[in-house]
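Provided herewith is a single structure, encoded as structure tokens, for subsequent inquiry.
Chain IDs A, B and C follow the sequence of writing; residue 1 opens each chain.
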């Protein structure tokens, strides 16, 4: 009902008119940027060009306060097949190999450092660096027919960097299975392993993602950004260091405008009027 | 049957006669201290007074060897609604804001540093710092109708410190969902995410917690304390450092009285006679 | 079908002819070393001798490229009952106590540092250091009647070192339950907690483990070793350090022979011909 009300004001426009990416299509509707991997003929492989376009689509105007959430989706049955192995052939040279993995880290960092939540909407097969990309998103909603794998070793390239992402998202006993056997796990197994946030029938995927996005949009953008940055900072600290920094973060949060507005609106039993700044 | 035998010797007395807290009620029975958040009109909010009384109730006589376990429970449908937002209004001043979060960290530390296991018994809604409180307990038993949320961003205050606790207790994909959407998760989802230890029908909650407590009480208090301290110390170390320290801890454990008594009782096929010292 | 084809070439020979361990029996078949704890009368307890023989069986010829996977199994209903408490009695002396835990760490390190994946095949009860042993394996496949516990505190010796392993393999709320109550968890609970990789009926245990092993054997040994070493290295680093090191590891992987062969075989749409070096 709430979503229906919002829809009245919705606009859905391709936003990157000055650049037509052949790898990525992007729309922005009511503050939600949906970035779609759109290169089925390479199974949405993370070529250098694809990674550049994705990173740019995530980072563009990232500090514009009208941007409230990013949804990462893909066209076709393969969400992404991971790195483009042709770019890793011996003939392409060491410097290019380095560049591929620097770009991949940059892409992952763009997600983690994005001021807004990034949600993977998966309806298909996410594999190798494609699985890393999904696992790096803040939240992951997938259809019940989706699959996930890290099969790099089948092609002589162990999924070491994808292992960084999945090793932090699921139990060791499951991450090692994916990495050493290269076998896919089902959406159900991915849910049971904590890799994904929500598992739904394919026809409810958009609705589930929209519900998450609408919940995010009810909040102050500034507060979400502050909270996201702190979450990823503290998770690498030991417990007492995390609390020490956490206390400062809470005090800081309270004393920004939207912190005080939130408290006032609660005390006055009214809706908050966020500045988002 | 075993519990029934023990019951013969049970006594259930309010222990804090010198101080009547209006926030917390406490009973101590056969070595089990049950601390009940008892301020329904504020939804058991973690006001400065509530936090002080809770911390004091956890720490009081903590080195008394007759104390064997602490159960944290709550009166009413809301286990705890988290911080009292009125105490975080601008008018209360920066020093009070700092104090609130220092007190909260102190409360969390009192649980982690308690020499005995602390078990949350949840039958209701644990939210924001109330969810942090629950997640910080060593074990969490909840009824199947309980719920958990970290909705601070709804009120302009991101649940950054609760995120420290839940980010270490459940997969990233689930913690971020709670933090960014503010939506509650069900008891079933909390179990599937590893946040809770056991999930039972409400009418079996006491029984389940009692079974855990009775198992703890069969052991040496000294040994449980040593083990608890080491567990939280090692979890922040890297693997090889943890093993290095772990070896020393095992040798130390063996050579305390109850270590040797435990081994003797095993070899002699008899019940151990613990000194608890 | 694939496995059936391989079976034609199989040989199953006891490999340690020069040393007949009374604790451990070992066979090697088609690159799979199965090491079986074989001392039912002590419930496969991890005595100093047992630990020495296990460590030696894991480490022997570990750099022989024909060795591709290690399976750790046990004879009898008890996978392993953990340390031999008789060796920890006061009369045995402090130096022996130290030795016991040094040997245990050495055994755990032999698994983590083994160049090939180590898979626990559990059909029974793994307890205390026996549970630690299982949890330390890269993957754990268990029958649905298996059980797991860390009951050391029952005998005055808290399972501090087993807690290092299980505390890194399952949620805090579950590890603490095992450590503080000493109660066993079922195979189903172990699966739900992420401790085990796969849960199958007992009569499918061999088949499930074989399928994992066959998948590993399709890959380059060198690549699996590189990937395993990196996985355990990065998991103790913070995220950005891990990615920094990960980039280097990927570039290194691509430029070893089997990295390039893998990519070539992919581009040329043919099976890879691994050197394993």
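The definition used in the following text is that a contact is a pair of C-beta atoms (placed from the backbone, for glycine too) under 8 Å apart; a residue touches a chain by one contact, two chains touch by 3 or more.
Given the structure is predicted, the values throughout are model-derived calculations rather than measurements.
Between chain A and chain B the CA-based rotation angle works out to 120°, given as a multiple of 5. The two sequence copies chain A and chain C touch through a face in which the numbers common to both fall below half of the numbers used overall. Here the spacing of chain A and chain C, counted between their Cα centres, is 33 Å. Touching of two or more other chains is recorded for residues 168, 170, 192-194 of chain C. Of all residues in chain B, those touching chain C in their complex are 117, 138-140, 168-170, 191-198, 212, 215-216, 218-220, 223-224, 226-228, 230-231, 234-235, 238-240, 242-244, 246-247, 249-251, 253-255, 258-267, 272, 274.
Of all residues in chain B, only 85-86, 88-90, 94, 97-98, 100-102, 104-105, 108-109, 112, 152-161, 163-164, 167-168, 170-177, 179-183, 192-194, 232, 236 touch chain A in the complex they form.
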